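Each of the two complexes below includes chain A, the first together with chain B, the second together with chain C.
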Partner chain A sequence: MTALSAYRTDATLHLAARYAIFVVLILVYGLAILVSEAFLQPSYLFNVLRQVAPIGIAAIGVTFVMIVGGVDLSVGAVISLTSVLCAVQMNGDAGNLPLAVIVACAAGILIGTLNGLACALTRVSPFILTLGAGIAVLGLTQIYSGGTARGIVSPGFREFFNYRIFATVPVLALAFLGLAALGLIVQKTTLFGRRLYLIGSNRSAARLAGLPVARTIVLAYALSGFFGALAGIALLARSGVSNTLSGQGLEFQVLAAIVLGGTTFEGGRGGIAGTVAGVLVLVIAFNLVNISGLPYHMQLVVMGVIIILASAVHGGLNARTG
Partner chain B sequence: MALKHRTEKCAAVFGQSDAQSKWLRPARTDVETVGIWALLAAAGLAAAIAIPAFRDPANLANILRQASVLGIIAIGQTFVIAAGMIDLSVGMIAGLVVVLSCLILGGDPSLTLAVVPMMLVLGATIGLLNGILVNRLNLHPLILTFGMLSILQGVIFTITDRSVGRASPFLQWLANGEIAGIPVSALLLLVLAGLAQLVFTRTRFGYHLVAAGGNAESARRAGVNVRAVRLACFVISGAFAGLAGLLLAGRLGTGYPLAGTGLELDSIVAVVLGGTALAGGRGSVVRSIGGVVALAIISNVLNLLEVSAFVQMFAKGMIVIIAILLNQPRRA
Partner chain C sequence: MKIARRPFLALGALAALGLVGVPAFADQATDKMQTEKAAQAVDTAKFKKDGPYKIGVSAGYLSNSWVVFALQHVRWEASKHPEITDVIVTDAAFNPAKQVADIEDLLRQNISLLIYWPVDDNAIADVLKRAVAAGIPTVQAGGGFTDNEGTVSNAYISQWQLGEKVARQLMADLGGKGKIVAMLPIAGTTAAVDQLDALQTVLKEFPDVELVSTEYGDWNRAKAKQITENLLQRFPKIDGVFSPAGQMSIGVAEAFDEAGRLTEVIMSPGDEYNGWLKWVAQHKQGGAVTFPTRAGQEAVKIGVDILKGNGVTRGTAVPSIYIAPADIGKYVDEKAPDDWWASELPADFLPKQ
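After this line comes the complex of A and B, so read on.
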């Protein structure tokens, strides 16, 4: 093989690694249309977006952490905590709404910051650390709520987020798309976004180059906590009921979507656009599982297979492109 | 100087603080090797002095019974972690065995002889699958076994979302019975831990596994079949998780689908408390068991003090965080 053709193969693989998820998205969507015509209707599609908004919003935040080479498994527990916090603070009164949202976001940011500090200042495994943090936060949520559903959603809160503009676009779906755009802007245009990739691909080199490594890592985790809180609020808006276990297990779906989108556990790769595509592929796959009449819990199996296969494929492509 | 450097390198490859490395470096009393025994003694003494109910022999036997399920899983996990990997699927393997064994047995004692080996083979097979996939796909074991956790959970819930079947009398005896006042399950754990410790410190496989965990590339160049070692570690871990599942089925008496939830993290915490670095290359089965007993004592004390389950959950999370923060890989 000549140098040039080797270069071409490399470039092709690089392209493949980068855009694989979008091709997969088109293929899965095509399959979905073949299975059910409903996937052609805008109202159904926007409903799917509304349905997946909490997971999608959380996935945006965790993507930042994974680009920088970490992982945040406490996100499911953060979603539970913030949705209960928000409901209790609202207490059925529209006047309490701003305070409730601020309290929930502050809690998310605080947890994220603590995770970030532990990961930035020590060399612990973020995987195990955030797993432990998730259990602790779940315990806190249960202590706070007494183990039962507490709090009453403000009147108008649920109605606002589920209102359909032009009778098709739910506000919640719009909020997801808006936050995704915001995340994409942060990732693509800010210094912070650029540093994430540099630190994620080589932490010690980044430190030697004088980048503020610790600060960037803490900020990434704080953002993950913040988006987790927004996801908790979105979940509350979707269901209207606060449940102490509502976020349990969502971290699996979040991780599956992110890995599917090409952001690896090693860090330094991927991005928000891939994550959003990953979220869409996941939700379409789930809908297909439901439509095809497979048992509901097969979703967990599908997710596990996706995490393993997507990691393997991306890992293989990355190893060959270097 | 040069000699000292070489000795240290050897110690890094065969980073065992047992028999071999005693020759290579002076015996040290550090947090890694002594910490768990200090914690165990402190927790045990404090509990025995402060809480009269803790000293009750029946309570102590109960602690051992509780420790046995996690202890058996922790033995397998120690092998995997010392080899530089991690196994997050063990809890769900145990959970699957709980559901399947009770479902098949339905309380029928005559099936026990068939079901017990079947479940051990099932656990080992899932472990084998983990090992093959780790080797073939070149995936980080953390990711692979995390995916496997999700898959197995889906399988369990697809089989049932409520308790099914009934354990056989033999399994119940194994879990709850006593020989001369000592719980059968604790004796089983003792025998298995002793055997595992021998394999760890006295066999070629034990040395190879620690070498592979310390530095896979060096080990490979030194002629260790790293892939085979990894495969074997996952098979051992899966089989032990299967056995723990049988014990758990006997304890619960019925196939509870959530039985195995969280055991993977508990076993990792126990191993970490035992001073085994998550980076691999070191480890001791006996110390991991020490970690398990320490966890069991803490949980027992919280129960005796009637601390709510929610506060216990919070405490557990904090123990994970503190243990992992104290157990940091040393700077190279």
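After this line comes the complex of A and C, so read on.
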């Protein structure tokens, strides 16, 4: 191989590694098209975006936390709490909608900020700390609600978010894409975004360099709480008030999407674009096995294999470039 | 290491997606056997005691509206008996080991009667036996019939009989022909297994009805909606939906509605979940087959009978009744939240809104 062709091969591999999750997404999407023509219909694809909006929105916030080297296991509990809180504040009255959204967001930001302060100022593992926070928030939700998801959504709230522009694009799907774009802008163009990577790569060096490490960590967790609250509102829009545990278990789907998308627990790498791709890989895998008509338990096996293969391909592409 | 970690995390995500299911089997024969066992008399002489009575309620969980309503029925019934002076409630929050500790705590508080619903029957079997050995009768409330040494009696609801009622009503509404899909709760649970078996048993009498897909919505409205959106892609026509759980039925119906296909489908009765009743009242189809929260009330009645030495049987079935769409107005509360249950609870005993 000549030096030029070796260079080209190397450059191609680096490109593939950098955009590995998108390669995986294309492969999974290609498989989905083979299974069902539904995946070629714009209305179905936008509906898939709507389905995954709560997880995707929550994943944006948690991505910030993971880039800086942390983790947020309380996000599922935050989604449950803010969903119930928002509905209770709405109380079936359209006039209450702005206050309901503000209260829900404030609750998410408060929980996130408390998580951030604890992570920044103590030596407690973020894994344990946010796991405990999640359990505490779950308890608070039960105390507040008494076990029933009280609250009635404002008229027009769900209708607005489920309205389809040009009979194709649900507003909730656009909201998800808009928030992803906002997250990407924050990540790529702001000082905060750059600091996330620096601190995530080497916290000690960042501290010695005079970066505001504690403040950045607190802000990252506050954003995670905020996006968690927005995810709770999105879930309320998607499926109404169902029960007090609507977010239970979603934290693992969020983490799976983020890690699949290339953001690691070590910190210092990854990003929102990869997270969105990871979210889409997971939802397409679920939908394609569901649409395929396989028996239920076989669906689980096949979906698991797809996810493992997707992860392996992603990891393989990254490994080839060291 | 990097590659190995990702699959592990992926498997963790799979676990969160609800893979774990413990197989359970129930069919028409089992249901008949349980009914026969439930009819067996209990020797209540050893539990007879004079009042006042203190009731302990060991809740396996209190984090869903159904059990909250069941507990309120316990309190309501207790309030009607002057000889009951106290109702002590513990919440195990889905932790089997905690429920064992909770029951032990209740026993130390000298309760006269233990009402419970389990996180895990096996985990508490031993402590229930100890309660019975100490002369404290135990009554299981709201689940399926439990045939254990440590369970003196049951106020139980037969998922099989509920599923059969729902299936027969759906067949009647369909006119005995068409293609249907089934939306069931968490795979492997008693509810899912028994309801599916009941449906399949009824379908044997209706050869012109085809069950084209069986799905598991995990009692989750959003998941039921997502699965139905996929079903609508798979099947150009779906004539009926078997979905006994009202919470999921709303998600299913919304998916049909948003696809512009609500007029093609007949929804089976759901349960008396208020959000579903509102849908039935609006669309005038579906109806309800109840999953009665008054199982809590029945448990107290059984317990008091035991304490007074009256005759009781191993189980009292709390029957599910069918409510036609035309009659739904008597049960729905348009001002109450969706996550609410139609009941006869007086205002003082309703959960706070």
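Basically, the second predicted complex is superposed on the first by the 273 of 322 C-alpha atoms of A that agree within 3 Å, B and C clash if a C-alpha of one lies under 4 Å from a C-alpha of the other, contacts with A are read in each partner's own complex, and residues count from 1 in each chain.
As a working rule, a residue touches a chain if its C-beta (ideal position, glycine included) is under 8 Å from a C-beta of that chain, and two chains touch if they have at least 3 such contacts.
Values in this document were obtained by computation on a predicted structure and should not be read as measured data.
Participant: Could you tell me if A:G316 is touching chain B, chain C, both of them or neither one (first, second, both, neither)?
Facilitator: Once the two structures are laid over each other on A, A:G316 reaches both partners.
Participant: Figure out whether A:N287 sits in contact with chain B (first) or chain C (second), or with both, or with neither.
Facilitator: second
Participant: I'd like to know which partner A:I128 touches here: chain B for first, chain C for second, both or neither.
Facilitator: Touch status of A:I128: first partner only.
Participant: Given the touch rule stated above, what does A:A38 touch, chain B (first), chain C (second), both, or neither?
Facilitator: After superposing on A, A:A38 lies in contact with chain C but is clear of chain B.
Participant: So, A:T12: does it touch chain B (first), chain C (second), both, or neither?
Facilitator: A:T12 contacts neither chain B nor chain C.
Participant: Per the contact definition in the header, classify A:R150: touching chain B only (first), chain C only (second), both, or neither.
Facilitator: It touches chain C, and chain B stays clear.
Participant: So, does A:Q142 touch the first partner chain B, the second partner chain C, both, or neither?
Facilitator: Both chain B and chain C are touched by A:Q142.
Participant: What is the contact status of A:Q51 with respect to chain B (first) and chain C (second): first, second, both, or neither?
Facilitator: Touch partner of A:Q51: chain C, not chain B.
Participant: Counting residues of chain A touched by each partner, does chain B or chain C come out ahead?
Facilitator: C
Participant: Output check: A:M298 vs chain B and chain C. Expected answer is one of first, second, both, neither. What do you get?
Facilitator: Touch status of A:M298: first partner only.
Participant: Across the two complexes, what residues of chain A are contacted by chain B and by chain C?
Facilitator: Comparing the two interfaces on chain A, one with chain B and one with chain C, the shared residues are 142, 147, 252, 255-256, 259, 265, 297, 300, 303-304, 307-308, 311-312, 315-316, 319.
Participant: Enumerate the contact residues on chain A facing chain B in the complex.
Facilitator: Those in contact with chain B are residues 118, 122-125, 127-129, 131-140, 142-143, 147, 252, 255-256, 259, 265, 295, 297-308, 311-312, 315-316, 319.
Participant: Give the list of chain B residues in touch with chain A in this complex.
Facilitator: 133, 137-140, 142-144, 146-155, 157-158, 161, 262, 265, 268-269, 272, 278, 308-321, 324-325, 328-329, 331
Participant: Would you tell me which residues of chain A are touching chain C in their complex?
Facilitator: Residue positions touching the partner: 36, 38, 44, 47, 51, 54, 87, 92, 142, 146-152, 162, 235, 238-246, 249-253, 255-257, 259-260, 264-265, 282, 286-287, 290-291, 293, 296-297, 300, 303-304, 307-308, 310-312, 314-316, 318-319.
Participant: Note which residues of chain C are touching chain A in the complex, please.
Facilitator: Going through chain C, the ones touching chain A are 2-3, 5-7, 9-19, 62-65, 67-69, 187, 213-216, 219-222, 225-227, 229-230, 233-234, 247, 250-251, 254, 258, 275, 335, 337-340, 351-353.
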